[in-house]
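One structure, as structure tokens, below. Some questions next.
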Amino acid sequence: MSRAIAKYWITSVMVGLVIVFAFLYVRPGWETKGDPKLRLATLEGDPKAVANLSVWGTYRYSRDFNSRIGLDVDGIIHEKEPTLYEQTFEPWLSAKTVKNMFDGNLDFLRGKKNYGTFYSDDEMLAYANTEHVNDDWVLQISVLDKDTKQQSDFEVQYPDSNTRNYWFTDALQRAANGDIIVLSTHSVNVDAEETRHDKELVRLQIDTGKKAISSVTTVIAGREEDKKQLGLLRNTKVYNPMPYMLISAPMNGKWGYYSYQTATGKLSPISIVKAGTEIPTMFDVADDRLDYAYTDGSRIHLQSFDLATGQPESEEILIDTSQWNAVSARAVAANPKAFSIIYENKKADDPIAGVAIVDRKTGKVIYRAEVQADGTEQERQEALRKFDLVSGLAL
Amino acid sequence: MMTFWKLLNLEVKRLVIPFVIMAIMVAAVQMYGAHAMARHTENEAKEIMAREKLATVQQLEELHGLASYADVIRINQSPWIILPIGLCIAFLLFYLFFVWYRDFIGKHSFMSRLLMVPASRHHIYFAKLFAPLLVIFALLAVQLLVLPVENRYYNSLLPDEMRVEYPLNYLISAIPFLRKLIPLSAEQFAFNYGMGIAAVIVLYTGVLLERSFRLLGLFGAIVYAVAAVYIATIPLGLGDHWFFYEKARLLAGIISVIGALSLWLSLYLLKRKITV
Amino acid sequence: MIELNNVKKRFGFRTVLSGVSFQAPKDAITCLTGLNGTGKTTILKSIMGLTPIHGGTITIDGSPLHHTSYERIVFVPDQLPMPGRMTVEGCLEFMSDHYRNWNPERAAELTQMFKLGLQDRVGSMSKGTAAKLNLLLALAMNADYMLMDEPFSGIDMFSREQIASVFSSELVEGRGVILTTHEVKEIEHLLDYVVMLDNGRITKQFACEDIRLAEGKSVVDVMREVYET
Amino acid sequence: MELLFNNRDPVYLQVVKHFKERIATGKLTAGQTIPSRRELASQLNINPNTAQKAYKEMEEQGLIVTEGNSPSRITGDTAILSRIRDELLTEAIDMFLASVRNIEVPPEQLLSLVQRRLESNRSEPSSERGGTE
């Protein structure tokens, strides 16, 4: 035996090194060693009440390294490298969206642009995309019947194809008679120097059978003001059927919001705005309810409105996060039962970054947790200072 | 099977000296680089603190953040790291030809002895394929061993409060070159090295084509290599009608087929057509 | 018996062997001779499978070459086929590593006889020493056939005699030997059969003793007749 | 036992002739053992097959006897031994006569020349005569 080792020692060393490489490459030590000792600590309520007990933020490891990390009760969650499949759709469409909306009809996504807009309901998938093709503004439409798997792709001309103006597809819905409703923003160039634009939200109804526009109506028009986004408040690429949509536009001198009924096109104002100085942080439209939240300092004001009438549906709930000596706070998500909020205080000695889930009716805290760090005083403060909370608890 | 181990052992023994030289060179140059960059960081910090009249490093850290080893590498795409690796790659690329031609040319053509070993000739092929691969992965091991040492050495040269801790795989993602060499996603790693090994096999096929048909073989080898590369790039040319992961899988499939075909062709040439 | 049947071979477009057929019996010494470049070495390499043939068949004891045949048929090329940096000891180790028919005792014996230093490197050996080591690697194998390419060319007088003595020793007894040379004169008395080649074709093949008995001619005489016409 | 071969006569016959000469000149006596095939091959620097053939030829001519695998011995049969002497002499004479034929010398003169040569040779030592030893 010893003669064999003497004979093969070089190859064995080399193979040994290869195994060392494999070990080093696979070893998780790479991710965790050198990590700050941060974690999420439950302060109130029952952790089991929360479906997904993790928050995400960025951590400034060093001058040029900010890395997105997740926190849960055990510690840091590192983002794992995306697989080839994930790289295909992320960040265009989240894996969840692809699964829920396009499962079984993945081919519908072939060749679609990542800045296009989608619509999905039980019977149909639709896609609309505005392109500026040889001096013409064109609306590319694709429609797929989920049952018959019949897909038809066609193009229609936008009414105004003046190149100095600009079309952009905002939303996609479906009319009762099967037509496609496309809501596009049309920014008209007022003066030659292209410094000021007038914006109008246009509703195009398209007959997929005839492959032509059946009606064009202007929903709302107005002058663009800085920091105020005129038109549809959108936060998704894939629309489900939405009986009502939220539109922000100038309203007799001030800035206001309207509820837009998809089917009829009726606009009705919603009395959201109070002093006009508040900072809205959440517009969550669910069927005919709008969950609206705004912040002033550490106080979060939550209220929901009936989009049909435009009137408040419930009393305004006030959550004063200063009780947790937070300085700033915001609501991030809502569902029929609760709201998810974030509160922070960066200036405090031990910087505070907290998340909570609040009962929609009573405003009472169902669950609350804060980011905490372990180690020496100095280590804790440094870790908390370098961590910026980005997304709160998902509902 | 013993034949394979014995031939592999022979090939590895011939690579020992170059391996030791390369390993020492990589470690030494990178460590010196760490030393140089630590000096640079310290001077830069002193400058900023003087200019902006910051009393403590703490303030510097809050205003600008402290430069970790990964930061300074990323900023100037540190030649200290890339150069030694580049030299190793250059040598290994040369060696992929030399591993065959050393046994053919010269007064003592060892290849005829190898061809007369009473075992299937694919042992010769696999010995000459695995030996360089073993050395490549051994060098990668050296690199992964040395990186944390460099990081610690870099920190050791800085005053205590200027030291920064971070997960070391950021050290790899700091340099695009290193990220290709050691991709953090296992899938990407398998993909890159699968392509690499397929390329080596295609290269070996070219060499064996030349060794079997001399000038005609050389011409054949060039045509073969060009065809292989062209076919390998077809998936990239596909329009956006294909999903990215489909293109990737198609590419992996094509590469595997090219690799398998080349492997079969190489073994056939070695068995039937090679001439000493 | 090693049998070549209508063997054809080309190097690129140049025909090297055009239909060569001969038999080398198991327990005889056959010599391939002819002027330079007549394909003698190519025939040996073809038998050993070191270069492909383009027609005809080569069989060893009735069956075509298989990699296990290398245990029973050894080849002594004109140059020692070992890497320059390898030592004599390394060569012996390589042979004992790969060949079951390797006879270590005989190897040691021959190493003594040829006075080879175990640590001498192949690259720094004289031509004579390298030729002796080359021969040793074949002789120390219990092989049925031994092919030798120009065993005597360009080596010193003393080594030549030692190598020639091998042909009369028991090392060769009962073995089929095929050797190539273009200086038949000195070793003519050692040969059983002679095959004469001229640009890839066999011009004459005969048993030496039969020619001497029948026509009282030496092999050299026959060669003069064949190659001068 | 050095033997210089000419390349025109079959080597194995030259070996047999060599043995006959040794027997005729009394260097090999009846019943004496002779070297084995292998030893003979290396002594005479000839190929073992040739030695083998020479032995077979000698056995056929009854010069040597081999029982089992014990070493061969010169035959004890004196009749054969004496016949070898005469055979060698006549063979030498035939060769002599063949070589002088084209000089056309009358037989008597030839005989007296040979006679005179013989007398002058007898006075000199035998070693410088032909190197068949």
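Just so it is clear, A, B, C and D label the chains in written order, and each chain counts residues from 1 on its own.
Note that in this section contacts are C-beta pairs under 8 Å (C-beta built on N, C-alpha and C of every residue); 3 or more make two chains touch, one makes a residue touch a chain.
Keep in mind it's a predicted model, so treat the numbers as computed, not measured.
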item	value
Most centrally placed chain, judged by C-alpha centres	B
Pair with more cross-chain C-beta pairs in contact, given C-D and A-B	A-B
Centre distance in Å when chain C and chain D are each reduced to the mean of their C-alpha atoms	34
Chain A-chain C separation of Cα centroids, rounded to whole Å	83
Cα-centroid distance, chain A relative to chain B, in whole angstrom	40
Between chain D and chain B, distance of the C-alpha-averaged centres to the nearest whole Å	79
Residues of chain D engaged with two or more neighbouring chains	none
Chain contact graph, described as a line, ring, star, complete graph or other shape	line
Complete list of chain pairs which touch one another	A-B, B-C, C-D
Of all residues in chain D, those that touch chain C in their complex	5-13, 38, 41-42, 44-50, 53
Contacting residues of chain C [partner chain D, same complex]	27-29, 164-165, 167-170, 172-173, 185, 188-192, 208-209, 212-213, 216-221
Chain B residues touching chain A - in the complex, by the definition given at the top	5, 8-9, 12-13, 16, 19, 62, 64-68, 70-71, 74-75, 134-135, 137-138, 140-142, 144-145, 164-170, 182-189, 239-246, 248-249
Chain C-facing residues of chain B, complex	3, 6, 10, 14, 102-103, 106-113, 115-121, 212-216, 272-276
Interfacial residue positions of chain A with respect to chain B in the complex	7-8, 10-11, 14-15, 17-18, 20-21, 24-26, 30-35, 60-65, 67, 78, 80-85, 87-88, 106, 109-111, 385
